[in-house]
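The data blocks that follow each hold one structure.
Two complexes, one shared chain (chain A), two partners (chain B, chain C).
Up next, the complex of A and B:
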């Protein structure tokens, strides 16, 4: 799904400990300087992906799904950065 | 503020009623009905249905049998039409049936409950107090809710939701407010429940409560740092303060004669939009917003009174 500069993509968290403090920090750092807004949705709750507490509050455990929605000129960069982190298990395991 | 996305809570299993000890319930029949779901908080006393009037029958409500219903059943124990109506009630089926005041229950009803798998409970409490307590539980569990981003604080006993874009200083102003003795409820994702009444309640959504992030420091445990005196799990929401970057091209509230509101779950809440720039003490301004609201609630309109007094003073001068 994408129009001009809004991209939505669903990811499965595969690292064993889920989206805990360190992965959340890496995720926030990866996108915080990009020129786009990024929201992460889990179980119907939506957090600002640029907020550490927001991302942590989602408590996305292993094998859970998150829906990432990026909007703005850097939307594609944001999605790619998050995809890389998720696939690389945030450098864990 | 963002458009509102309203969430509906999951239905409550009938067995949950047994966990609410203040209801003092025990199951007397239809145990297989404990897995049924309660989807609505409303209750019904089925006196009219017992008498055969089913036009407004809502079978998704918990049915409460009090003194009147039980006396009616006793008086019509051999009445075939009433027996038929009772069967209609049980076969619908409602989530469960509750008898209040430890009133006696007849074998015919017990066998209907077992036949249709509808649990019957008995409580020692009388109907009025029982329905009040049950309503309080169900309303809490079954109210729709929304999720807002911000910090929820208790300031001078009023619940304040501080919203605004990221890194505007919401968490920092919450810290300052705690330093002044105000109470922290939650940071970031705030879950706000409506209760059908004109009240909203806010609570944190995090599975690990009382934490916040302070740029440059990291994640802090507010409960450990400031102690249980300044934290609480939930708070009635009374007003919304939105922080935004000071925009020199924008006109902000200068007089305060008009009161602004914002809607959450259909309820109007007093709303203050506060422009922020470096050096502006946001926590003090939040306190002042709360005090201003408190005074307005008690009928004091500072700006309006000032204006009236000014006009009076000017009129005196006119005569000179």
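Up next, the complex of A and C:
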């Protein structure tokens, strides 16, 4: 599903409150300086993952699935960064 | 920020009234604090001005960015609020968000809109996009609004006001103050606050009390009736406002200011004494607090511990529910600093008139009769258990007590206690230490709880009567509704008999009954409460000295005799009259000074 600079991966949001403000901030901050475009799709809606407004409007609650698509030289870094955040429940208890 | 109104002539003398939420008198010059309007009329720019228009917008954004960073730096230096830093970080991200930044530039370039108009369109687009989202996400539109307003301020050339930079002594007059405004209000030059919006629990009120400066809120129309540099008198006790007063009035209030100062310092001297009545009864005088940072005032006023720690303030204006660790830190800090005195922690009392952005509170037709307080906690079990866990873990000094708000019946109490037991089991299984004998209490503030107090008493270690809600629910009077304010009667026979019933049940089951509503800080109300058999009161820390002075001038035996007569009376008016008549008799030797201070009672003021 990936070539040299385009990666797609699906994640399940496991932290209790979902991708609300703080997790969304962490996500945007983690990838905003990377050299790639990152899109997040949820239930047919798509948002730019570098836009905090965009990520929030996805309203990704607990147990929702998001499809992350990264394209560009830093695509892998971006996917890894997001994976780490999701797995660590964005640092929430 | 120089207001548009400042060039207009002053409107002459005007008297207004709101509710005084932080006592004291201030006399100073008005500084209007207002935010730019986001509704801007359509405007277009000439084609050859497009690039300079874009530049103007970009300049406004970078100026805004610098201002927020600056504010963030100051907040960090003061070591305040992690929560606020989070909000500011979110704002910085929004500032560079392409849905705001790029989109505004796009509208200027493609449609030739003026920057202000383009920005207002962008905000409307955002509003639409957010309108259908679940609460937790939709609430964030407030941050988008905040940031758009800041940009707008800079676009319009008005300096975004920072209340920290205030150089002359002023009274701040505003429609309302946002949390970030409130955060920047730490100047010695601010003499007081007046706002159109807000109640006793608004940010303005809380901050003013923490800074111990006078504040009056709920003053409708104040921003229209006043101009920058008008002279203003505010009385944070009575809620009176006088704009452009006469020199006679200024002198009167200077006198009052002086009297209050003298009284306060005398009262503080009195702090060394314990609150014993003339006939040797000790009346416990505890403090109500909202933040861990208030514990210093408790030492200053010599409170007998904390009778009500309102934990919901940890949750308000947060973009995320505080974690167990963070809550633990706050609770532990209070427990440690107040030790060996007790601290009653009230679990989350959200809903009604207090809403938290981070919490998914439902929109209700009738929030005071809705999913608030313990009902919210029992519906949002994981938030409730997290809080209970944090409290238990912080209980190692054995001086914490847990109190549930708004218990309306046996079932709710049992359910809350089950959660508590489950959390205790969980901690035991993990070998986490906590106070195994931690005491649990119920707030009595719903008439049904009074009626079934005996059933509740078997399952708790103490009662605390929340008079504000008990009055509002007993008399079916919205305490925020000015039209029916006359019906809000603390001395209504129904209210006094309810209090008396709870006191009786407390005696029968041998559990203490305290009062933690506004009545506990009103001297005349306190006389009546003591007459009804109450022996514990919890109030705003700075009310303690004058209540202590009162306690030391009365005899419980004489008061109780009087109390039994009160219970037979049929109207609030009659009760009030009889209390006023009896005052000189009830206050024994040395009571003249106390009597003088009774003039500050709002019960008397409303007669």
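Here is the rule we use: the second predicted complex is superposed on the first by the 93 of 93 C-alpha atoms of A that agree within 3 Å, B and C clash if a C-alpha of one lies under 4 Å from a C-alpha of the other, contacts with A are read in each partner's own complex, and residues count from 1 in each chain.
Convention: contacts are C-beta pairs under 8 Å (C-beta built on N, C-alpha and C of every residue); 3 or more make two chains touch, one makes a residue touch a chain.
Predicted model only: the values in this text are computed from it and were never measured.
By the document's definition of touching, neither partner reaches A:14: not chain B, not chain C. After overlaying the two complexes on the shared chain, residue contacts for A:92 are found with chain C alone; chain B is out of touch. Legend: residue contacts after superposition of the two complexes on their common chain; A:67 is shown touching neither chain B nor chain C.
Shared-chain residue A:22: touches chain C; no touch with chain B. More residues of chain A lie in touch with C than with the remaining chain of the pair chain B and chain C.
Legend: residue contacts after superposition of the two complexes on their common chain; A:54 is shown touching both chain B and chain C.
Of the two partner chains placed by superposition, only chain B is touched by A:46; chain C is not. Residue overlap on chain A between the chain B contacts of one complex and the chain C contacts of the other covers 21, 48, 50-54, 56-57, 59. Chain B contributes residues 5, 7, 147, 149, 166, 171, 187-189, 204-207, 211-213, 219 to its touches with chain A in the complex. For chain A in complex with chain B, the touching residues are 21, 44-48, 50-54, 56-59. On chain A, the positions that touch chain C within their shared complex are 16-18, 20-22, 25, 28-29, 48, 50-54, 56-57, 59, 61, 92-93.
The touching residues of chain C, counted against chain A in their complex, run 86, 89-90, 93-94, 97-100, 126, 129-130, 133-134, 136-137, 140, 143-144, 319-321, 323-325, 358, 382, 386.
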